[in-house]
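See the structures that follow.
Consider the two complexes below, in which subunit A is the common component and subunit B and subunit C are the respective partners.
== the complex of A and B ==
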């Protein structure tokens, strides 16, 4: 299915990033790189208790301190139920959050906010606020949330969209194809397990930070580190109860997000203080606040069963999910359903059931995090596939090859289960999974290593996982772009799409350049400014290249049509017969003209108009990228310490618009995923206080620790995507946990059902299994 | 960072530093590489202290060999320890400990004196110094005194260093080539990890009788301070290292450690690992 890419001049090549030089030389500006005259510094007082009512809050001493300009609490701010989740409107997340509330629901919840002339004054004032709490019993274990007599975390009257507040259930979803129980009971072979994953934080190197100020027309300008500038504008308008037209959101350069910034966490406070004081305000999270008060991955308990017959045919798959959404239900429903919808349609099976609840606890708030449920679901599914292959006494690769979804097929589960609701028909137009498995297996040395003898203290093994994800949310995600031509033959590309360090400004410029027939240097990108650029839902759901790229492609085609009209006037030919190469238009009769001359004519001499194009794009389907991951590990049988020796990630992302950056996305996701598999974890005491909110004891892996990561791009051509592209950003974080767990089993015969696989937890599993 | 007011001195020589310590006493915190200090101050420690920076006291930056001992200036960095042929040859556990210490960037700044004075039960160089019978030279304006390292630590972050004193020199035994010695750090990851358990061992075995003629075992991260394991050592001394004796020693070692549970590992696991790592190092003939 791969098309001949030699025809493309820009797409499929790896030009320098459009913002690269600025980033490495330090001239590119992040949110906190500017300082505005008269800027106030705001900070947040957070709850030391997991669950409590504020009986009294005394700000009098703090207010009197020099330099203190404003103190916000629930008593002097608008109470508007909303969700912090930056999702399409109406959001599928419950409206259970308030700027401030008289109740705190986790350690790290907002209590008050101080804005002062200096950071020091702000810090002093925060210490002077006296709060008296009435402590309430707290729920720290999601399994206890639904118990009878459990304290109700959202007992407020004005929340909405909560599935069952009285039982602490934020969201619930069920979908079934066929008759799962019956099919399971009839199956020759059954494998099942309960898989648990832990709290983890995204750890963007740039924490959440926002600066807001009033412009000369009294509009609030919010310069913020966000994935979702347009949703940010809408939600801030909602919280402040002012029209969107009063707000402009600008996203400058961003130092990483990974889902954590698909949330409105600081912008409402910052903008509100600017509105009230008319002063510029900066607010940012410290690393500690980033860990405790921002967002995390949803910890989950996934119970899964697979029934199969002796011929290996899958008879039933049953997935039962308990998701811990923490104190608020941000992304609770959609992450929950994606556990199933991003994993179950991978295999042919007539009887499939998904059931899941996302429950409130008095713990940090979970939200969007790269993988978005797919990470949790793949763990259960891919370990059970390994177990099933073992029971069938066949190579797991043969099992995978036989039953995975293929080109031209439409999986009924895609229609039954979507993102937070029913899904859509999602026929597969490109699938390189077989090639991924073949190339990955060869690279890791599957055959020799899988069957090598295991003995001694250090035991080695290999394991694999097969993966799918999506490209955007079908019929919801929308991106738009506008292209304006300049008289020197260059183009301005305006788009809502949001580059977070992901490289989308470059990729989208490549798509524009390819379509317009110019080198990428001719494209001047301006993105993510709600005043200046068209709408885009933002950077999430692996949608930017696919959805926003589609919009840029359309805008460029529109612009190109207009260029050729003018060229036709100059050259005297039918626009359809004209050829474009490198900014030069050639007619059938050999006459030529160039882009600068075309634009000069349109702007200055004949039939004057601005040559420009606009495009909007949505997609009725969400083409899955596919991947196959292979890990080789070494287990120290004495200490339980795991080393990942080699990791191969073969990924079908369609046509890679910028292969180097696509490889970077694969490598980054895998490193991120290995960290989650081995060591990244937030730990809590019996009061719900986080014990390790710093890089000191929260272990993200260093480059030396991740071992050798090898990305293999397996080209296919996705007809629905711009120049054949699909997504690549998330899928590869879903592989490390199951691939490593399966490799550990291969090495030493123990199954790991709980992450992270720390030395101690592996050692305990070894001990329980009687291996040591 | 804190913005409370404080004085900052930079000493260019030891007498300068001792003079300031003599005059100011209670209020001064010594600063060398700053790799612990800056982190701790950010977390609120040392806010009421003046700072005496001794990073530029180059006279404390040395590794000297004389007779049966090695003298190390307190300002010697981890990186310098790693590069020293003398340390590699005669004090292998210290070399190995420096190699796994934090990260390359930190090893360029962190000093041996700083690691000792920080008095963390998990300090990576400490078990090595314990088995090398280190003696610490504590200097004040009036006098110097020598303290064996095992007497120096009173508890986590507590030492018997007086406010007018500073650690100037560390003197360790040279291990002659007949010694086998080793160091093992078990951490959650390799770089910038606080040890779950640290273990240093050195032993000398009579080539003819195969009996142990000297053995020193020291653990980190399993007690309020780094410790030696005297009963375990006693059990092994003058014996042949058979498998059953090693197993017995490992069991004994478990009774000598008193670990706690924290975010890095449980007490149980630390105890088990104390035994398991000892078995590994005693069976291992890699030195």
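== the complex of A and C ==
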């Protein structure tokens, strides 16, 4: 299926990042790398209680401090129900959030915001605000949210889109193919388990930060660290009740996001203070606030059953999900449904059921996080596949190979279950999963290591997981691009697509360069500015290369057509017969002209016009990338300490537009996934207060722990994607938990049902299973 | 108070408040290469070299550095004249979002000044104070290996030129 990519000049190669020199010399401009004269520094007072009503709030002492310019509370700000989730409009998340409210719903919730002449003055003022709370009973365990007489977290009248506020259910969804209960009862073999994943934070090294100011036409400019500039403009306009045309959102370089910045967390406050004071304002989360007040992954309890017959055929799959969305329902429905929609269509089975609820608790707010439900769902599914293979006494690779979806097939579950609603027919036009399994197994040494004898204190084992994700949200995600030709033969590429550090500015420039027949250096990228660039939904749902890339491809084709028209006038040939190479156009008779001459003619001499192209793109399908992950682990039977010795991630992302950066996406996802599997967890006390909101106490991997990671790109050609590409950004975070859990079982015979797999939890499991 | 410092080769006397951290001082002077990621010395985004040694500038008071010599990422190389470590980071696509990159590059540079031919484990040790959430450190480690080769080549060719001269 792989096409010959030797024919492409730019795509499939790994040029330097278009923004790379700025990144390695420290000259790249992030949000906080500008200082505007007269800038105010804002900070947020957050709730120390998990659930309380504000009885009284006294800002008089704080207001009197020198340098304090403005204090915002629920008493002096507009009350507009909205969602902080930056999603397509109308958003599938409930409108249950307010700029401020008279009730606080988790430790870290907004109470007040101070803007002052200096950071010091702001800090002092925050301490002087006196708040009297009426404490309410809090729900810290999602299993208690739906109990009778549980406190109602969203008892306000003006929220909307909540599935059942009286029972604390933010979102609920069910979908069934066939008759699952019947098929399960008839199955020869059943495997089941209850899998739990914990609170974790994205940890972009740059915390959320926003600077806003008024321009010379009295419009608000918001310079912000966001994944979703256009959604940000829309939501800020909604919150401030001003027209969108009053707002310009600019995303400069940003220091990582991973889903955390698909959320409007600071922009509404910053813009509101600018609007009221007419002053530039900056708000930046501290690392502690980033952990407590921003967003997290949805902790979940996934109960799953698989029924199969003795021949290995899958008879039924049943997934039952309880998702903890925390105090607000940001992304609650869509992450929930993606637990099923990103995992269940991987295997052929006539009877499949998904049921799930996302419930409110008085805990930190979950949101979008790389993997977006696929991480949680893959854990349950892939561990049960391992267990099923064991019961069938066959190699799990053989089981996987026999039942996974293939080229040309259309899985009915993709149509039954989509992102927050019914899905779409999603015929598979590229699938390299078999090759991923073969290459990955070989690289890890599967055959030898899987069956080696296990004894002694340090026991080694290997495990695997098979994965799928999507490329954008079908018929929803939209990207657009515009390309303008310059008289020296260079091009400006304007697009709404949002580079978070992922390298999309470079990848999209490569697509433009390839289509226009120029080196990538000829493409000048300007992206993510709501005034200057066309619309794009933003960087999420693994959509940028596939959807925004499709838009850039169309814009470049449009531009190329116009170039060739002018070239045809110069060379006297039919535009269709002209050939382009490296900015030179050659006619059939051998006559040549170059891009600079073509543009100069169009701008200055004959039939004058601006050569430019525009393109918009959506997709009716969401081509899944596929991956197969293999982990080799060593378990210390005395201490429970688990080490990952080797980790191979083989990934089919279609044609990798920039192979080195595609590898980088795989490696970074895997590192984050291993961290989540082994050590990353937010811990809370009995009042819902986070105990470890710092990099010192919240353990993400360092360079000392990632020597094991190996990425293998397995090329296929996705006919719906630009130059054969599909997504790569998210899928590989979903593998480490199940691959490591399965390797641990192979090493020492215990199944792990709860992350993170800390030494203590592994030791307890060993003890309970009577292994030590 | 007055503070005499050499920053990226230029010695000046600055006026600085006694409580200002070196990070905030440097950023106020327009050196935006050092970034603030945690304010606690946990992440390494604010790393600079103080008298040749890697230091988290958020943990040091500017006033403490009197008479010292500071190197920020801006002083290592510039867009027209990149240092081999910067070249190598570009070449292997080791910078994703780039926020931790100045710190990683300075850690690598400090290592290679002391140990021009490091083992992979020594590179990983040297980068362990710089948290990176994007790369899994695979490409940054590869970049340091490549930089070591590039610097060795450069040193050899310099030696050859000298011996001819």
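For this structure, a couple of remarks:
As a convention for this text, the second predicted complex is superposed on the first by the 771 of 772 C-alpha atoms of A that agree within 3 Å, B and C clash if a C-alpha of one lies under 4 Å from a C-alpha of the other, contacts with A are read in each partner's own complex, and residues count from 1 in each chain.
Please note the rule applied: a contact is a pair of C-beta atoms (placed from the backbone, for glycine too) under 8 Å apart; a residue touches a chain by one contact, two chains touch by 3 or more.
Note that the coordinates shown come from a computational prediction; the quantities given were computed from them, not determined experimentally.
By the touch criterion defined above, A:639 lies against subunit B but remains apart from subunit C after alignment on the C-alpha atoms of chain A. Once the two complexes are overlaid on the shared chain, A:696 sits against subunit B and subunit C alike.
In the superposition on chain A, contact is made by A:760 with subunit B only, not with subunit C. By the touch criterion defined above, A:664 lies against subunit C but remains apart from subunit B after alignment on the C-alpha atoms of chain A.
Using the contact criterion defined above for the overlaid structures, shared-chain residue A:683 touches subunit B, although it does not reach subunit C. The partner that reaches more residues of subunit A, of the two candidates subunit B and subunit C, is C.
In the superposed model, A:24 makes contact with subunit C only, not with subunit B. Applying the stated contact rule after C-alpha superposition, one finds that A:704 touches each of subunit B and subunit C. Touching of subunit A by both subunit B and subunit C, each in its own complex, is seen for residues 696, 701-702, 704. Taken in their complex, subunit A has these residues touching subunit B: 120, 457, 638-639, 641, 678-679, 683, 691-692, 696-697, 699, 701-702, 704-705, 758-760, 763-764.
Residue ranges on subunit A touching subunit C, taken from their complex, read 14, 16-17, 19-30, 32-33, 202-207, 253-256, 258, 286-287, 500-503, 658, 660-661, 663-664, 667-672, 694-696, 700-704, 706-707, 709, 711. Against subunit A, in their complex, subunit B makes its touches with residues 3, 39, 103, 186, 188-194, 196, 262-266, 269, 272-273, 276-277, 279-280.
Of all residues in subunit C, those touching subunit A in their complex are 31-40, 42-43, 45, 72-74, 76-79, 82, 86, 89-93, 95-102, 105, 120-121, 123-125, 127-141.
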